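Structure provided below as C-alpha cells; questions to follow.
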Amino acid sequence: MLSYFPHAAQKEIPLPYRAPGATQKTHDTFLSGKAIHYYRPKGSPEIRHLIDEGFQAFNAGRIGEACRIFADKMLLPEHDTTIGLTIAGALTPAGLGGCIIELMDRGLVDFVISTGANLYHDLHYALNFTLHRGSPFLDDRELYQEGVIRIYDVLFPATVLLETDAYVRDFLTRSRLNEAISTADFHYRLGRDLLERFPGCEEHSVLARAAVAGVPIYTSSPGDSSIGMNIAYHELMNGSRFMIDPNKDVNEICAIVQAGEKNGCVILGGGSPKNFYLQAQPTLWEVYGIPKGGNDYFIQFTTDQVVWGGLSGATPAEAVSWGKVNPGVLPDTVVAYVDSTIALPLFCEYVVGSPNGRRTRKELVHKREALVAALKREAERVRASDAAHATDDARTEV
Amino acid sequence: MLSYFPHAAQKEIPLPYRAPGATQKTHDTFLSGKAIHYYRPKGSPEIRHLIDEGFQAFNAGRIGEACRIFADKMLLPEHDTTIGLTIAGALTPAGLGGCIIELMDRGLVDFVISTGANLYHDLHYALNFTLHRGSPFLDDRELYQEGVIRIYDVLFPATVLLETDAYVRDFLTRSRLNEAISTADFHYRLGRDLLERFPGCEEHSVLARAAVAGVPIYTSSPGDSSIGMNIAYHELMNGSRFMIDPNKDVNEICAIVQAGEKNGCVILGGGSPKNFYLQAQPTLWEVYGIPKGGNDYFIQFTTDQVVWGGLSGATPAEAVSWGKVNPGVLPDTVVAYVDSTIALPLFCEYVVGSPNGRRTRKELVHKREALVAALKREAERVRASDAAHATDDARTEV
Amino acid sequence: MLSYFPHAAQKEIPLPYRAPGATQKTHDTFLSGKAIHYYRPKGSPEIRHLIDEGFQAFNAGRIGEACRIFADKMLLPEHDTTIGLTIAGALTPAGLGGCIIELMDRGLVDFVISTGANLYHDLHYALNFTLHRGSPFLDDRELYQEGVIRIYDVLFPATVLLETDAYVRDFLTRSRLNEAISTADFHYRLGRDLLERFPGCEEHSVLARAAVAGVPIYTSSPGDSSIGMNIAYHELMNGSRFMIDPNKDVNEICAIVQAGEKNGCVILGGGSPKNFYLQAQPTLWEVYGIPKGGNDYFIQFTTDQVVWGGLSGATPAEAVSWGKVNPGVLPDTVVAYVDSTIALPLFCEYVVGSPNGRRTRKELVHKREALVAALKREAERVRASDAAHATDDARTEV
Amino acid sequence: MLSYFPHAAQKEIPLPYRAPGATQKTHDTFLSGKAIHYYRPKGSPEIRHLIDEGFQAFNAGRIGEACRIFADKMLLPEHDTTIGLTIAGALTPAGLGGCIIELMDRGLVDFVISTGANLYHDLHYALNFTLHRGSPFLDDRELYQEGVIRIYDVLFPATVLLETDAYVRDFLTRSRLNEAISTADFHYRLGRDLLERFPGCEEHSVLARAAVAGVPIYTSSPGDSSIGMNIAYHELMNGSRFMIDPNKDVNEICAIVQAGEKNGCVILGGGSPKNFYLQAQPTLWEVYGIPKGGNDYFIQFTTDQVVWGGLSGATPAEAVSWGKVNPGVLPDTVVAYVDSTIALPLFCEYVVGSPNGRRTRKELVHKREALVAALKREAERVRASDAAHATDDARTEV
C-alpha cells in the first residue's frame, strides 16, 4: 500500500484531533469485520426468476417494474436511450461500486451524476485501502478516541482519509491543472491517473472504470466533499488557479440530454444529483428556449417520501408540471421505496442477465465539446428566431 | 409588476412547451388559493408556553429541547456562538422566508447555506410575484397544459419562472461580473441589486435582507438551480467569464468556523447544505491540520432517518467519529423529526420571544477576506511546523 | 399514594426480573426529569393565528386544513356529525391525555377507539404515579438493572407497572364481573371505579373523564396490553368467566356509525384502531347489507406512509374503493404527516378556540344498547327484503 | 368456483353500494393485470450468494445479519428455539403466503400472530378467487363505481369480498360453534374445514397449511377484520354465543413462550401482532411472577422508525427495559428497514437453502391445553410461595 502520509500512519503519531493517550486495542476490534469489496452482478437467472415471479406487489412489485422498464424498454436498441445514473447516499462505502462498474462497462449507463463523497470513498478502493463491515450501534466517542471513522455501519481508520487526501493533493500538483474545468473533465483526468499508477484498478474503482469506458461523471456540489476540500486547499495554499466551473457542468449535461434520441434515468436516492439531472429539461425550454419534451423514462430507488415535500421525494408526476418528465410517459416511470443497497444489486442482476444486457458504449466523455457546441448553435438559432418575431410584433403593433 | 418577459406574459402567446389550444379557464381555478406570504414570527408568549408545558415528549419534546438549547445556550452573550443556518427543502415557496428574515435581522444566525432553489424562489417574492396555496393532489398533465407549476402544494404560473429568469439574466448583464467569485459574494451583489431596484423588498426577500444584515449566503451546489442555469447560459451564450468558484466557498466557510468562539448550527432538512456546513471542521483538521474540536451545538429538523444511511439522516453522534461534532457536547445536540414548515415557525416564535432574542449582528459578509487570510496564516504556520517536525524525525531516524 | 403492591415497593425487595445487586443510585438520576402532566389546551388566539397565517403549505398547511375541516365543517351544529377519535402510539405517556380530556368534555368527540396501552398508561395518572421526561438515548441494560421502564423518552419505575397491575386486578375482583361484555362497557365501569376511589381524577385521567362525559372507549385488541394481561390472569388463576366479547365492540361501533347523521373521524397514528373505526362502513354494506355511503370527514395525523402499503398509511382515497369513505367528500379529508405529540396540541388549541368549540355531548355510552337494537332491526328488514327478492327471482326463473 | 353469493355475482345485480349505471367495461381493464400467486421459496444458492457477498452494509447488511441469525443460531438443533412469526401489513394480498406456508411446512416457525386481514385475504386463495397485480395510482372513485377493491396496488372484484364473507358465515353455521374459544382454536377449525371442502388447498392457503402443520395462528385484534365482522353478525343476527375469548389467546401465547427452551421471533411490520408477541415475557414476570428472562432472538423487517415513538418502530434495545428482550442478547437482535414484500422472499430463500432449513415440527396447536395447564401450575406455585413470604414478613414485622 502506498503511503502519502507516512508521518501519522507509520509512526503511530497521534492524529491531530485525537487524544494522545488513546490505546490501539479497541481499534483492532472495531476493524475486525469482514472487508467490504465491490460485488459484481453476474445476471443470476434465479434472481431474475424471483423478481418476475416472487416480487408481485407493493415495493417488491415496483422493483420488478423498474427492472422491466429498464431491460425491456430503455435498453431496446431501436430506442437508443441516453441514460443518466444519479447517485446519492453512501453507496461506494457499502460496496456498491461493483454494480456501477458493471453498468458502465456494459454501456448500460451513459453518464453519471454523483455526490462527491461517493467518488472520494471510491478512491479508497482504488488505492487499495480496506473498509470493514461494522455496526451502526457503536459508541462514537470511543471510535473518535480510537481514530476510527464510521459511515453508518462501515468502519475504517482515520488514516485512510489522510492518505486519500494526500493522494488527491499529490495528483493536483502533478496534474498541473491551473484553470476552470468541468467535473466530468476533472474526474476523467483523475481516473486516467489512477489507471496509470495502479494498473488494474478499474476492477475496483468507479472513477478508473469510467475513464476506461468513456463515461462522464459529474458532481452537482463540487466543493461539498473531501475532494472539493482538497481542491480548495490547493487554491488557498498553493496559489493554484484550478477550479471547477459549475457552468460547464450545467451546459454539458444539458447538451447530452438535448442530443438524446430518448432520455431516461436511474436515480439512486435523490438529493442534489437528482435535481441536477432533472433540471436539464427545464434548462432547455426555460432558459435556452428549446422544447425537448421531458424525460421518456424515469426510475428511482429512494426511501424519501413525497409528503415531506423535498425534491428527493418528488414524484415523476410532479416533475411533469415542470416539463422535466414527458406528460405522456407516466407509465414508463416508477419509484420503488427501498434502500439502494438492497435494490441496486437486485436490479443489476436482472438487467445484466437480460437479452439487452450489453450496449455499444456512447463514450460521451470524449464528445462533450461537440455536444455543447451543438447546443450553442441551436440556442442561437432560437434566439435569432425569437428576436425576428419580436421585431415583427413591434412592427404589427405600430 | 415589472415584466422582463413581455413577449409571453402580456400577449398570451403560448409558452414554448405548452399545447397551443390550452384554455385559461382552469388556470384561474388552480391559482385561486390564498396568496402565500412571508409570515414573520413575533415571539408569542402563548406559543412559548405550549412548547415549554405541552411539548413534553417524543418529537414535541425534541422541539422544546431545540428551542431551549438555542435560546438559553447558543444565544448566551458570553458564548458568542457563530451560528450557521442550513436550508434544504422548499421553504421559501412555503412562505418560511419570513422566519429566516427575522433570524437574520435579529443577529440570530451569522451565515446561511441554502439550496439554490430556495434562493431562486425567494426572488419571486422580491419581484412581487404571487405563489398560491394549493393541493398536492392535482393532475399534473392538466397543470402542464395550463402552464401552472407545482411545488408539492404550492402553485404559480410558469411565467413566474420565465420572468424571474429574465431578471437574473438582466442582472448578470448589468453587473458586468466577469470573474470567479464565491456564492456569498454573488448573493450579496444580487441582494444589493434587489434593494436598489425594489426598495423595501428586504421585508419580503431573504436575499435582500441578507444584504442589509450582512449575512453571507452560500450554496453548496451552485449549478443546481435556475440561478445556476442562467449563469451557465450567460457563459455559453454571452461569452461571459463569470462563474462561481466553489473553492472560495469552501475556504470562506472554513474560515468563518475557524474564527468562531463557539460554533453551532440549525439544520433545516439536511442534504448537501448540511454536509457543506459540517465538513468545515474536518477540512480544518484533515486538510489544513488545524484541530478545532468540532461543533459545540447542533440542532436539526428533519424527516429523514438515520437508518437510511444518508448524510441527511446521520446523527450528531455519527458526526463525532468524523470530528464534525465535539464529542463532549452530545447533550447540546438535538434532532427533531418533523417537517420544517411546522418546526421552524414554532422554533422562531420561541426564540424571538426569548430574553436573548436579539444579538449584535456579526455582518460576516464584509469580513470574509480577512477571515480567509487568517485561515491561510494559521494553515501556513501548521505546515511549517509539520515540515520542521518531519525534518527532526528524519534526522532522528538517521 | 396508595400501594397495591406493598411487598416490592415498600420493602425494596428486588423485583422479580432484576439482578439483586442493582444499586438505586442511578435510578434517581434517570428519574430526575420534569414530571409529565396532562397539558390542557385553552384555545390560544396566538396559536390560531399561527396556524391560519403561518402554516401555509406542506404539512403545516395540512394541519391548517385539518383544523378548519374540524372546526368549520365537522363541528357545524347543523351537521350533527358523529365523531370518532382513534388513538395509536404512546400518547398518554407523553402527556397528551389532557387534549383528549378537553375534547371529550366539550362534546367534540363522541366515541374513542384506543390501543390498550394508552388506557393502561392513563391509569398511572389516575393513580397519581409520576412519569418523567427523559431521553431516548439511554443504555437500556442499565435501565433494566435499575428497574426503570422506558417508553421512547418517557421514564418511570417498574413499580408503577406492578402497582397499576395490582389496581386492575383488585378492580376485577371487586367488580364481580363474570360475563362477556364490550370494551366500552368495561372501560366505563373502570372509569366509574376511578371516580369513586380517587375523587377529582377526571382532571387527569382519560378513562375517568370518559365515564363522566359518557364517551364510550373501545379497544380493538383487547388482549394486547397490560389491562388485557391482567384480565387473562383473572380468568386463569381466579377461574373468572369475565371476558371481552369482540363481537359486541364490532356491533356497537357499527350501530353508532349507522345512527350518525354525518360521520367523521380524527385518526391519531393509525394501526388497529384506525381500521376498527373504518371497517364500520364496510360492515354495514358488506355484512349487514345496509348501504351507509362512507365517512363524510376524515382527518389523520400520522408519520406512516402510503408507499409502505399498510393500513396505517393508507389514504382516504384508497378507503373510497372499500366504501369506507364517501367518494364525494375527498375535499373534506386530510392527512397531515407529523408526530401526534406535535399535531394534537396545536389542533386542540385551534379547535377549542373556535366558535364551534363546544357541543352538547351525545353521551353514547348510555345509548349503546338502543343503537345496537336499531341496527339489528334494520339488518333484519334488509334480510327479509333480500329473501323476498330471492324468492321472486327463483319464481321468475322457473 | 363455488358461489356463496349467487344473487349478486351471477346476475350482475348492482352491489348494494354501487351506482346502478356503472358499466363493466373498465372493470375488465382494471383486472387485466397478472394473477397474484403464492410464490414458494426454493432455497436458491444464487440468492444466498448475493445475500452473503453483495449485501454488505446498511439495510442490505441487516438483511444478511437477519438471515444468518435465523439460519445459524435460531435454527441450530441444540437451541430448540420456539419461534414466533408476527405478520402485519398486507402480505397475503401481495402473494407472500407462499413464504409463510414454506416456513410452517418445514417446521421453521412454531406459531403465528397475524392481523385478521391477512387471514381473511388468505381465504380468497383457498377459495380459488383471483387477485391481480395493479397500480397504486388509479382513480378510486372509478374503482368504486366499477366494483373493484384496491389494496395499494392489488385489485380484485368486490364480489370476492362478498363470496368470502358468505363462506365464513356458512362455516360459522355449519361448525355449530357456540362458546368462547381462542383464535388459534378458531383458525385451526377454519383450516380443517378448508382442507375438507377444498382438497389440496394447503398449497395455496396459510390457514389450511397451518392446520396440516399444527401451527397455531393467533390474531391480536379479533374483531378487527372481515372475519371478525362476520362473527359479530353471527352473534347479532343468529343469536350465536360463539365468540373469541382474548384471555385464552393471552394465556396460550404466554404458555408457549414459558415452555420455550429458547425464544425467538420474526416480526414482519410491527403493529398489534408485534406487541402481542412481545408482551408474553412481561406477562410472565409482571403478572404471573415468573421471571423468564426475555427473548433470545429478535428479527424485524419494518419501515417504521424508532423516532416516531410507536411500538412498531421500537427497537430491541427499548424492549430490554421492559424485560421483553434478554439484555445479554442484543447482538442476536436485528432490525432491517425494508418493505416485507422485498425482505421476506429473500430471507426465505436464504433460510430454506441453509443446512438447518428443516426442523421437526412442534405442532403446538395440539399442545395448547397442556401448556396452559403447566403455566397455571407454575403461577400457582409462585403465588403460594409469595403468600408464604408475605406471612413471614408480617410475622417478622410484629
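First chain written, first letter: the chains are A, B, C and D, and each begins at residue 1.
FYI, a residue touches a chain if its C-beta (ideal position, glycine included) is under 8 Å from a C-beta of that chain, and two chains touch if they have at least 3 such contacts.
As the structure is a computational prediction, the values presented were derived from the model and not from experiment.
J.: Which chain's mean C-alpha position is the greatest distance from chain B's?
T.: Most remote chain from chain B, centroid-wise, comes out as D.
J.: Determine which of the two chain pairs, A-C or A-D, is joined by the larger number of C-beta pairs in contact.
T.: Counting C-beta pairs in contact for A-C and A-D gives the edge to A-D.
J.: Taking only the C-alpha atoms, how many degrees of rotation bring chain B onto chain D, rounded to the nearest 5?
T.: 180
J.: From the mean C-alpha coordinate of chain A to that of chain C, what's the distance rounded to whole Å?
T.: From the centre of chain A to the centre of chain C is 47 Å.
J.: Would you mind pulling out the distance in Å between where the CA atoms of chain C average out and where those of chain D do?
T.: The separation of the two C-alpha centroids amounts to 24 Å.
J.: So, what's the distance in Å between the C-alpha centres of chain D and chain A?
T.: 41
J.: Among the residues of chain A, which are close enough to touch at least two other chains?
T.: Those would be 57-59, 90, 94, 152-153, 303, 305, 307-309, 330, 337, 339, 341.
J.: If we count contacts the way the header does, which residues on chain A are in touch with chain D in the complex?
T.: For chain A paired with chain D, touching residues are 34, 36-37, 39, 41, 44-47, 50, 53-61, 63, 90, 93-95, 133, 152-154, 303, 330, 337-339, 341-342, 345-346, 349.
J.: Mind pulling up the chain A residues that touch chain B in the complex?
T.: The contact residues of chain A facing chain B are 7, 11, 15-17, 88-90, 94, 115, 117, 136, 140-141, 143-144, 148-153, 161-162, 165, 180, 220-226, 228-237, 243-251, 254, 269, 271-272, 275-276, 279, 282-283, 285-291, 293, 303-312, 314, 317-323, 327, 330, 339, 341, 372, 375-376, 379-380, 383, 386, 389-390, 393.
J.: Would you mind writing out the residues of chain C in touch with chain A in their complex?
T.: 57-59, 305, 307-309, 335, 337
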